[in-house]
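In the two assemblies presented below, chain A is common to both, partnered first by chain B and then by chain C.
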Partner chain A sequence: MTKPGSHAEREGSQAELIRRSLKRRYRKERRFRLYGITAISIALFSLVILFTDIISKGYTGFIKTTVTLEVNLDGELMYLNDAADPEQIAMADFQAPIIKAMQEYFPEATSRADMRELSRMTGSYASNQVRDLLKENPDWLGTTRTIEFPAHDTVSVYVKHAGDAGYSIRLSEQQQRWTDELLRKGVIDTGFNDVFFTNGDSREPSNAGILGALIGSLLTMGITLVIAFPVGVAAAIYLEEFAPSNRLTDFIEVNINNLAAVPSIIFGLLGLAVFIGLFGMPRSVPVVGGLVLALMTLPTIIISSRAAIKSVPPSIREAAEGIGASKMQVVLHHVLPLAMPGMLTGSIIGMAQALGETAPLLLIGMVAFIVEIPDGFFSSATVLPVQIFIWAGSAEQGFVELASAGIMVLLAFLITMNAFAIWLRKRLERRW
Partner chain B sequence: MQTADLLPLVLVLAAVAYGSAYMRSRAVAAPLGGIRNLKALPAYYAARAALWCAIPALIILGAWAAFEGKVIQNIVMASLPAELTPQSAGHASLTLSQISNLAAGKLNPAMVPDGISSAAVLLQELREQSSRFKSLLVVLIAVLGGTFAWTRVAPTINARKSVERTLQRLFFVCAAVAILTTIGIVFSVIFETVRFFGKVPMSEFLFGTNWSPQTALRADQVGSEGAFGVIPLFTGTLMISAIAMLIAVPVGLLSAVYLSEYASPRMRSVVKPLLEMLAGVPTVVYGFFAALTVAPFIRDLALMLGLEASSQSALAAGLVMGIMIIPFVSSLSDDVINAVPRSLRDGSLALGATQSETMKNVIFPAALPGIMGGILLAASRAIGETMIVVMAAGLAANLTANPLDSVTTVTVQIVTLLTGDQEFDSAKTLAAFALGMMLFIVTLLLNVIALKVVRKYREQYD
Partner chain C sequence: MSISMSPAETTIEEGKTVGIPFSDDPKFHLRNVEVFYGESPAIKNISLDIARNEVIAFIGPSGCGKSTFLRCLNRMNDSIESCQIKGSLLLDGQDIYDPKRDVVELRARVGMVFQKPNPFPKSIYDNVAYGPRIHGLANRKSDLDDVVENSLRKAGLWNEVKDRLDAMATGMSGGQQQRLCIARAIAVSPEVVLMDEPCSALDPIATARIEELIAELSESYTIVIVTHSMQQAARVSNRTAYFHLGHLVEVNDTSKVFTMPEHELTESYITGRFG
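Let's turn to the complex of A and B:
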C-alpha cells in the first residue's frame, strides 16, 4: 500500500503510470510486428536461396564443351578397308584417327601414356561417333572430315569449373596445358547444350539428356489426365448433385478427405502390390505410373471440382428446373459448363503436383537406368523428377549440373502450368 | 489385338451405334409426324445405344486385361516338368523372365533346358490365343449390345430415363473409386504385413532397437538373420519431423498473423503467392537442395565450431523439410485466423487493446483448436515426406538424439527396401509393407484427429 497523497498528486502519478505502461505496450506491439516481418523474411529468404542455388549450380548444365577435330578417316589406321562390311566395323579401331588428329596439335605426344591422355580429352563415346558416321556414310573412308566431339567429362569440368571449390579437377597438368592451348586455338569450345534436349540418359554426363524423361513424363501425365479428370469430375457431380445424405455418402467423403492427406509413398505401395503384384503389369512403364498418380491426384481434383460446382448459384438450377429440365439435364447442360473453369483450374494444379511427384514412382520401378527414349505407354520409361533424383545421386561430377538443369526444366513446366491455371481462373471465372 | 488397340475400336463402335440409333429414331419418328411423337429426343436413343455398346464391352476388356497376364503365367509355370519347377519365389521369377525373354526372341533357345523352351512356346501360344479370344469377345459384346439398343428404338420407350439412370450410376461408381482406393491400400499392406509377422514376431518388430534388414543370400552365412526393430526408425522420423516443425510452426504462424493483421493488401497480394510457391516446389528439388547445399554447409559450420557432424545430418533434412512445410502452416492458420468472427476482434480493439494484444489474448485463444488441427496436418505431412529424407538423410539406423548425427526414417527404409532387385516374399520386402502399414495408420490417425478438430472449431463460429 502506498501512502495516499493529495488528489492532484495521485492523478499525476496515475497519468505517469499509464504513460509508462503505454510505452511498454507500444514497444511490445512493435516487437510483435517485427517477429512477423522476420518470419516472412525467413520464408522469402529461403525461397530466394533455393532458386539462386539451383540456378547457379545448374546454368552450366545448359553449356556443353566440344572438341572439333579434322579427322583423317584413314582405313589403314583403323584396320578397315570396307566400311560397309559390318564384321570389319565391329573389329575396327576408331579411337586411332581421333588420337592422330589430336597429335596434329601436339606432335610431341607420342609415348603410350601421352596417347592415353590424349584419348581422354574427347568423351568416351567419341569412337562410337566415328563408327556411326562411317556406318552411315561408307564412302567417307579415306577422306578428312571435320567432326565435333563432346569433350571428356574431366575436360568439361576443367573448362567450366576451374577455380570452383565445389569441383575437383581430375586432369593431369599436361592435359590442363593441352586444354588451355586448344581453348586458345578454338578447337575446344563451349556452346549451347543441345545434347541435353535431344538425348536420353547416359553413363557419361556429356552424352546424357533429358528428352527420355520428358517424354516419359508426358506419357505418364497423359494417362493420369485421361483417368483422373473424368473420374474426378463425375465423382464431384455425384457427391454434390445426386448423393443422398446417408452413411455411404459420408463414408465416401471421409475417404476422399483422408486420401488427400495420405503420404504419396503409400500410393507407391498400392501400385506395387495391386497393379504389379496382383494384375501382373510390367514394371517401370508409364501406364502403371499414370494409374498410381491418377489415384493420388483424384482427391485434389474431386475437392476442387466440388468447390466449383458449389459456387454455381442455385438460381441457375431453379431456372432450368422451372422450364422443365430433368435433374441430369440441369447438371449437364447448365451447372457443368458454368463450373468447368474452376474444375479445369483445380485439375491443372493437381496435374502440376503429379508432375513433380517422385516417391511412388520409385517403388514401381521407374527409377531404372533407361537410355532409349520411350515410344509408348508400355515401354520402360522414367520421368523428370526421378531423372533428377538419379542424377543427383550419381558419383560423376558432371551429373550435378545436369540435375540442376533438369530441375530448371521441371520448374519451368510447373510455373507454366500454374500460370496457365491462374490465367484461366482470371479469364473464365464468373463472379455471381 | 492388344488392349491399347481394342480401346479405340470399342469407342469407334460406340460412335457407330450412336449414329445408327440416331438415324433409326428419326426414321421411326418420320411416319408418326416428327420427333415430337417420340418419348425422348433422338439423341437419347442414340446415347443409350452407345452406352449399351461401350459399357459391357469395356468392363469385359478391363477385367480380361487385368487378369490375363497372371493367368497365363500360372498356366505356363504349371506346365513346367517336375525337375524344373521352381523351389523359391526368387527362382520362380528368374524362370519366368527366362521364359518370356525366350518367347520375345531375346534369348537363344539352345541355351536353356527343353522344358523352358517348350514353356516359352506355350507362353507365346497362350498369349496369341488370349489376345484372339479377347478381341473376339469384346467386339461381339459391343456389337450385340449396340444392336440390342438399336432394336429398342421405339416411340413408346423413354430412352432419356434409362440414359440418365445409367449416367447417375456411372457417376456413383466414379465416386466409389475413393473407397476402392482406400480398400486397395489397406489390403495391399495388410496381406504382406501379416506374412511379415509370420516371419518376424510382432514384439520384436515393435520394440526391437536394432534395424539391419540385410538378410543373407545363403542360409548358412554369418549374420543371415536380419534385425527388424523399428524403434530407431521411429526416433529418426520423429527427430527430423520435430526439427521441421520447430522451423515451420513459428515461421508459418507468425507470417500468417502478420499477413492477416498488419500487411497492406498490396503486400499480401505479393507475399502470399510467393509463399505458395514454396509449397509448389517438388520435393525432389528440396531433396537436391538439402543433400547438395544445406548438408555440406551444416557440416562445414559444425566443423568451424569444433563439432563433429555427419554429411547426412538429421538437421539438414529437418531444416529443409521445415522450409517446405512453412506454407502449409501459414495458409492453414491464415484460414483459421480469418474465420474468427469480426465482433471478437472489434470488441477487443474497442476496449483499447493494441493489435498484438488482441491477437495474443483474444484471437489466438479462439483460433487455437483450428491452429492445432493445422499443425497436426503439417506433422502428418512431415512424417510421410519421402524425397527429402531419401536424398539427404542417411541409411544407417542410429538410435541417437544428436541432430548432427545421421539418422534414417520409415520412408527412407521403405524406398531402400523396395528399389532394386527384390523378391516378393523375402522378409526384407515384406518389412517394407509392414513399415508402410505403420506409416498409413499413424498419418491416418493424425489426419482424422486434425480434421475432427478443425471441423468442430468451424462449427463453433458458423
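Let's turn to the complex of A and C:
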C-alpha cells in the first residue's frame, strides 16, 4: 500500500496481458470454428453433388418409353390357326403382326432391311408379349387389339436423351425420322415406369425391374436380422455380465474386435466354403446370403451391445441386487431394457452395412442373372447392390439409368429401414 | 491452527476395539473380519456384534472402510472380483459367506439403501412392487397393492404420491426418491436395513425427514447406517462404531461415544481435529 501507483501499474499491465491473451484465445476459437464449418460445408457439398448427380442421371430410369399399336392378330400372318394349341404357338411368328401394324404408319417401308429396322423399334420381347396375350386369350385370334409395347432400348435412349452428349444414339437416320413421326402422332409416348417396380431383371433394359432384387434384399436382411441380433445380444450379455475375466475371454474379445475389421469378401469365402461347400446349401439363395451377412454383422452388434450394457448406470444394477434380484433378473428386468436403445443403434449400423454389401454375395453366387422374383428363402435371388453392380456393368445404355434408379431405390430402402429403427428406439426409450 | 495429532502418530492395536463391541443377542455375529482388494487390506481384523432391533451408526473419515464393511453384510462386494473376505460373518448364527448360501435369499432378508437415490426408471408403484414381485410375496393384485401402500406409508411417502403411483419415479425430488428407495427396500419385509450414507445427496429438510423415518423404522428393523455426519449418528443411532484406516477403533452407546470417547482417535475425530 506504500506505492499505490506501482501497484496500479502492475495491475494495469497484468490486465493488459490478459486482454492480449484473450484476443489470442478468441482468435484461436474463431479459427477452430471456421475449420469446423469448412469441414461440414465440404461434407454437405459432396452430399449435394452426389444426390444431384444420382437423381439427375437416374430419374429417367423411372420413365418408360412405350409404343402403342393397333395390332391385327391375323392368323394367316402368324401361321397360327388355333391359339390353344401349344405346338402351333411354339412355331408361330408373332413379330409379323407388329411389323404390319408399324407399316400402317410407314407404308413405304417394305424392303427386308426396312422391315428389320421397323421390328427394332419395339423391344425384343414385344413378340413374346403378343404370344402370351394370345395364349391367355385364344379367342383374340383374328381380332384387332390395342397393345402397348415397351420401346426398343435404342428408341428409348433417343427419346429420352437426344442431344445428350453422354449417350450415343444408335438409331439409323430412318429410324430417327420414324421415331419423331410416331412421337408426333402419340404412338410413342413416355410414362411412369411401372415395369421397373413389378419386374425382375431382364436382358432388355425396358423390361428390367428392381422388384426381384428388392425382395431378395428383404429376404436376406430378414435372415441376417433374425440370426445376428439375438446371437449378438446374447453374446454381448454373456461377455459383459456372466463371463469370468480370464485369458480366454480376453482372447475372445480381441478376436471379436478383429473380426469387425475383416474385409467383407473374406466372409464371402467363408460362406462359400462352409455353407455351400461343407453344408451343401444351394447357391444364390437368400438363406446363405443372410447367414454370411449375419456373420459379418455380428462383431458390430456385439461391440455396440457391450458398450450399451457398460453404459447402464451401476446404481441401477446395485438397486436391483440390493433387493435380492438374481443375476438373470437384474439383466432381464433392468440392464437389457436400458441398454436396448443402444443395442438397436448398433444393429441399425450393422444392418445398413449388410444392406449395402456386395462383395461377399458375389462369392456365394447371388450375382447370377435371375429373372424370376424370389418367392422364398430358398429360391435364387439377388440383392439391390448386386443388381446395381450388374446393371452398371451392362453394355446397353438403358441400364445406366436403371443403375442410378436402383441406387435411389437402395437409398430409399436404407432410409426407410433406419427410420423404422429410430422410431422403434424412440418408443423403447419412452417406455423407460 | 495446527493439527496436534495426525492419525499416523497414534498407534492402533490390530483387532483391539475399545468400548462394548459384543452383545448377548446378536443379529450379526462378526469375528475377525478381514477384507482385501487385491493385495491391499481394506478391513483389518474387525470383530463386532450387531444387536437385534438396534440402530448402529458407522462413522469415520473417508476411506476408513465403513462402507466396505457394511457391504460385506449382504454380500454386495461379491460383484467386485478382486475383493476377498476372511473371518466369520454370521446372520442369526448362519454363515453369510457359506458357498451354499443363496445370496438372493440373504439380500431379501438384509435390504440396502444406497448413497445416491437410485430408483428404477419405472413408475412409483412398480419400484415398490418390484421386490415383492420377484420374490413372489404377493400373488394377487390386491395383495400387491396392500404391500405397496404399507411400504409407502412406512416410508412416509404415501400421502405425497398416492394420486400419482403411475408417475415415473425419476421425476420425483431427491428426498422423495430416497424415501422411495427405503420403501422399496422394506417392501420385501427384510429383517435388517443397511443404509450407506442415505442422506449425503439430500438437503437438510429431506435429511430430517429421513432421520424421522429411521427412528420409526427402528421399532421393527435392525438398522445399520453409515454416515459422514456425526450429528446424524448422534440423532438416530443407539450405538456408534468409529472406524479408522480399516480398524474398528471404538464401539459404544452413542451418547457415550459423543460425550466421553475412550479412545483418543475417536475424540480427535468427533471434536473435528481431522476427518
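Everything that follows uses one rule, which is that the second predicted complex is superposed on the first by the 371 of 432 C-alpha atoms of A that agree within 3 Å, B and C clash if a C-alpha of one lies under 4 Å from a C-alpha of the other, contacts with A are read in each partner's own complex, and residues count from 1 in each chain.
In this section, contacts are C-beta pairs under 8 Å (C-beta built on N, C-alpha and C of every residue); 3 or more make two chains touch, one makes a residue touch a chain.
Every value quoted in this text rests on a predicted model; they were computed, and no experiment measured them.
Trainee: Between chain B (first) and chain C (second), which, if any, makes contact with A:Val400: first, second, both or neither?
Mentor: The first partner, chain B, only.
Trainee: Go through the superposed model and pick first if A:Ala261 touches only chain B, second if only chain C, both, or neither.
Mentor: So A:Ala261 only meets chain B here.
Trainee: Look at the residues of chain A and decide whether chain B or chain C touches more of them.
Mentor: B
Trainee: A:Gly322 contacts which: chain B (first), chain C (second), both, neither?
Mentor: Touch partner of A:Gly322: chain C, not chain B.
Trainee: With both complexes superposed on chain A, which partner does A:Ser245 reach: first (chain B), second (chain C), both or neither?
Mentor: Once the two structures are laid over each other on A, A:Ser245 reaches chain C alone.
Trainee: Kindly classify A:Leu338 by the partners it touches after superposition: chain B alone (first), chain C alone (second), both, or neither?
Mentor: In the superposed model, A:Leu338 contacts chain C only, not chain B.
Trainee: After the superposition on A, what does A:Leu44 contact: first (chain B), second (chain C), both or neither?
Mentor: The answer is first: A:Leu44 touches chain B but not chain C.
Trainee: Can you pull the chain A residues that chain B and chain C both touch?
Mentor: 326
Trainee: Can you tell me which positions in chain A touch chain C when the two form their complex?
Mentor: Per the touch definition, chain A meets chain C at residues 245, 313, 315-326, 329, 333-334, 338, 432.
Trainee: Which residues of chain B touch chain A once you look at their complex with the stated criterion?
Mentor: Residues of chain B touching chain A: 4, 66-70, 73, 160, 164, 167-168, 170-172, 174-179, 181-182, 184-185, 187-189, 191-192, 250-255, 257-259, 261-262, 271, 274-275, 277-278, 280-289, 291-293, 323, 326-327, 330, 354-357, 359-360, 377, 380-381, 383-387, 390-391, 411, 414-415, 418-419, 424, 432-433, 436, 439-440, 443-444, 447-448, 451.
Trainee: Contact residues on chain A for chain B in the complex?
Mentor: Those in contact with chain B are residues 25-26, 28-29, 32-33, 35-40, 42-44, 46-47, 50, 53-54, 57, 230-232, 234-235, 237-239, 242-243, 251-252, 255-259, 261-270, 272-274, 277-281, 295, 298-299, 302, 326-328, 352, 355-359, 362-363, 365, 367, 376-378, 385-386, 388-389, 392-393, 400, 403-404, 407, 410-411, 414, 418.
Trainee: If we count contacts the way the header does, which residues on chain C are in touch with chain A in the complex?
Mentor: 74, 76, 79, 81, 104-108, 111-114, 116, 118-122, 130-131, 134-135, 181, 184-185, 188
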